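Here it is: the structure, laid out below.
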Amino acid sequence: MLSITINNLHFPNPFLLASGILDESADTMFRIIKHGAGGVVTKSIGMKKRGGYQNPVIYELPYGLINAMGLPNPGIEAFGEEMKKLKNCGVPVIGSIFGGTTDEFVYLAKKMENYGADAVELNLSCPHAKGYGMEIGVNPNLVAEIVGEVKKSVSIPVWCKLTPNVTDIVEIAKAADKADALVMINTLKAMAIDIEAQRPVLSNTYGGLSGPCVKPVGLRAVYDVFKEVDKPIIGVGGVCSWTDALEYFMAGASAVQIGTAIATKGPTIFAEISRDVADWLKKHGYDSIKDVVGVAHR
Amino acid sequence: MYRVVRIEKVVQETPSIKSFYFVDNSNPAPGQFYMVWIPGVDEFPMSISAIDDLKRFTVKKIGDGTAAMHNLQEGDRLWIRGPYGRGFKPTDEPALVVGGGTGMATLAPLINALRDADVIIAARNEKELLFVDEFPDKEVHIATDDGSRGFKGFASELAAVLIDKKEYGMVYTCGPEPMIKAIVDICLARKIPVQASLERFMKCGIGVCDSCSINGFRVCADGPVFSEKELAQMTELGKWKRDPSGMKVKI
Amino acid sequence: MLSITINNLHFPNPFLLASGILDESADTMFRIIKHGAGGVVTKSIGMKKRGGYQNPVIYELPYGLINAMGLPNPGIEAFGEEMKKLKNCGVPVIGSIFGGTTDEFVYLAKKMENYGADAVELNLSCPHAKGYGMEIGVNPNLVAEIVGEVKKSVSIPVWCKLTPNVTDIVEIAKAADKADALVMINTLKAMAIDIEAQRPVLSNTYGGLSGPCVKPVGLRAVYDVFKEVDKPIIGVGGVCSWTDALEYFMAGASAVQIGTAIATKGPTIFAEISRDVADWLKKHGYDSIKDVVGVAHR
Amino acid sequence: MYRVVRIEKVVQETPSIKSFYFVDNSNPAPGQFYMVWIPGVDEFPMSISAIDDLKRFTVKKIGDGTAAMHNLQEGDRLWIRGPYGRGFKPTDEPALVVGGGTGMATLAPLINALRDADVIIAARNEKELLFVDEFPDKEVHIATDDGSRGFKGFASELAAVLIDKKEYGMVYTCGPEPMIKAIVDICLARKIPVQASLERFMKCGIGVCDSCSINGFRVCADGPVFSEKELAQMTELGKWKRDPSGMKVKI
């Protein structure tokens, strides 16, 4: 009832771990899988080791989080050890990567393929790391080039993660023409100021907004792109409950990723959402989650 | 969102350790921690070391952040968020509490909450012993690496001696990880329940970033206090930690 | 302590009523002024009477609202009656207008000037009305042209309200070079789906997100533009408390507008925020709200 | 966010009015209303007309939305949000309640909550009288415009007669606005406190859009129930309303 196939990859359920949340080490990802995730996306990995920004890197709001981790990661060479441990973990492992040039993306994607990743997710959307992510992801030509070159270099599916911080996300989605699936959205450009300190809270000043408060924006991105682009969409942004997930499916997502909600609900959220979505499907006479994908379009 | 608290009192505990007293109406359990922000400098985790009308952090100076904190005085402000994490589960049975260095900061409110506890306070030398006079109604044992006061040797060695003499229903520990590892091993071998509070590099403090994880356990959200069942699964305990990039490094 | 001057207009306090919220009729605006608003911006008024979209036009979330009112308004001719009543209301009245062409904007601005508006606010940012607002506001050339032509045609200050639904709000802010002040942000593109109805909730499908959840986005827009553009900024988006307001001032806003919060806190929010911000200023040794504008930049 | 409620029972009250019973665990006060959404058709305000284990809307068919609602049957669903607005303030003194047409829907739960109330139920003709048998323990007077049952004439005329006979401590009214206006004027002239529930075109229902305002009072959030002090300030009462564009139109 919940199992799905995207780009010939079989997912036991459509609730995946989002990149950057509890996925820097294989052991943690294993634990999330045990809690029922249908797949995991790794932390975005780059060419070299990066410590990320100085604390504070996160700011809690009643309705979400602002983060500026700064893409910390041990670098693609060291990450091989984690990927090796994930072999036979039972669900697809999607290797997320970020680069500063097309060549870097190609190199990283090949590495991930060699490490056994089932797919690669291009992070073209991190809103707070200079020269990476979003600075690339807002430019349709760069997006087309990177996706095209990575596609030529690997035989695993290539997912492209889009930023909502653009005038027209449909334009970028179309530029990612060669991608096998689209993942949206990454975080919204944001910041917070502490009035007593009279300064920005994050050491990086800027950060990305995630959690419940971005769901209406993510939903609209998925809905818009579903209308115009014929490709699987993975919805991400503020999925905190089974109703949030169903909204994304009905807007056109074939799967969803879950990040920030793990802070508030814990890793058990995966099993809970699976159970509750399955219950809803049964009660409404649906045989498969696939049957509700895009039903809100009419 | 941070709360701003005013420092009401500063106490020099040892040459390298100061305590900071403040008022805050959160309600932490012994073993829980806060993220403390010094604007313009750093943000880092701190255990609550006293839970009364005045709350307390007890801080060892080891780097820029803690040095900046040591410069603060009565009337200065701290930015805090929390309490976070899972604290100690108290017991009614006779307990042994083993604290090394600033580990005593984490254990102090627990010791005060326990009915029947013996305490080992350990440090490199006499000068660095923390809170030796804070528990007048408990049996307090002292251990120093250099023997400058009390038992000469590691806290774990003294703990083994005490454990073999008296039937403890629970052992609690916090301190340098090799010490923790030794005590956990002693307890596992003797099948005595044990709870240990661990430290890892923390960024978010709320269980999303994976920077503090040890064998898949998030120290910030699943811990910092873990029990023997979990500790037994931690192949990295006392051996490996992760640096801010997530790279595994030797302890 | 709270009074401010923007473009030679004197505001008794920097807490203004945002466009579209309780400002279709003069009587309601009067009431908001009685509750302590330092100024009012009218509902956006167009050339002709518009009923707006069919209900539902609003969707309540725990952390904000999604609205697709569809720019209902009685048309600029009929609105003269309301403007007349507002004469001598004691605070500046800013006439908000929206048009489909530069000529329409010019016509509407002149009308507002004749009606006695103290300034005119160009709504270049409504995200859900086809052919209006945002469709214009994302195009720097159109923005520059409209602002330029309106400036030539009226002698009252021209405020330009920007949309956050762009790749680079600083670019648009710079395009609005001729504007006397910048107002940001309008709502974020968003939507909601009702899973039981299995369809979008709003009759217009798309709407704009406002309220607490957009504050981190608005704050960042103000902070970014303050760094690059030397012009008064009016912050809007999610101001619900005195701390929210102070965040905006510290980011660089000279005044803030308040909208959605009136639904949750009632019109008394104006007096409350004035009192609490003044208290904070006193406690921190500031003589004037002006002294905290932009202090988070260092 | 909407709640979905199941229609448990439908009752044809008059040729043009039906009642819909449903279960919902909100806790409205008499005089409050909900926004009711019929997906694909319209969303509109409805007063709560009974507050028991089964709640009730009582709906007159006047346009597309209410026609679609009239087509619904037991087992069908309604999407609702609310309750919204400010309801009636109850009184312990003798009260007169005057309802015209569907105004009785709004007043019904109030009447049941009042200790001592006389009721005037008014309609164009006998067939459109609503809830005549619903208040067996109250003194119920009937008025019809055409005299087909009870007093022949307007409700306000009958109200004036009753008011001059008995000392009421409060008058409550809901119905066509000219009727409300007449009753308010009667009460203001005699200095009797009065509460009237008003209707205006509603979009948001939560007090942000200004579409429902009358002389600066938001019917959805400040009302729909207003008292004599507020009503006396409403120069538009009974004369002007606003269409969905905000344009003033004659009532």
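We just call them A, B, C and D in the order they show up, numbering each chain from 1.
Here, a residue touches a chain if its C-beta (ideal position, glycine included) is under 8 Å from a C-beta of that chain, and two chains touch if they have at least 3 such contacts.
Since the model is a prediction, treat every value here as computed from it, not as a measurement.
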Interchain centroid distance [CA atoms averaged], chain A/chain B, Å: 36
Interchain centroid distance [CA atoms averaged], chain B/chain C, Å: 51
Chain B-chain D separation of Cα centroids, rounded to whole Å: 65
Junction residues of chain C - those touching two or more other chains: 61, 199
Chain contact topology (line, ring, star, complete or other): line
Chains that touch, pairwise: A-B, A-C, C-D
Chain B residues touching chain A - in the complex, by the definition given at the top: 1-2, 4, 35, 37, 39-40, 42-44, 77, 79, 81, 203-211, 213, 215-218, 221, 242-248
Chain A to chain B touching residues, read off their complex: 20-25, 27-28, 30-31, 43, 49-52, 54-61, 65, 67, 69, 72-75, 78, 81, 194, 196-197, 199, 201, 259-260, 262-263, 266
Touching residues on chain C, where the partner in the complex is chain A: 61-64, 66, 138, 165-168, 188-193, 195, 198-200, 205-206, 209, 212-214, 216-217, 219-220, 223, 243, 246-247, 250-251, 280, 292, 295-296, 298
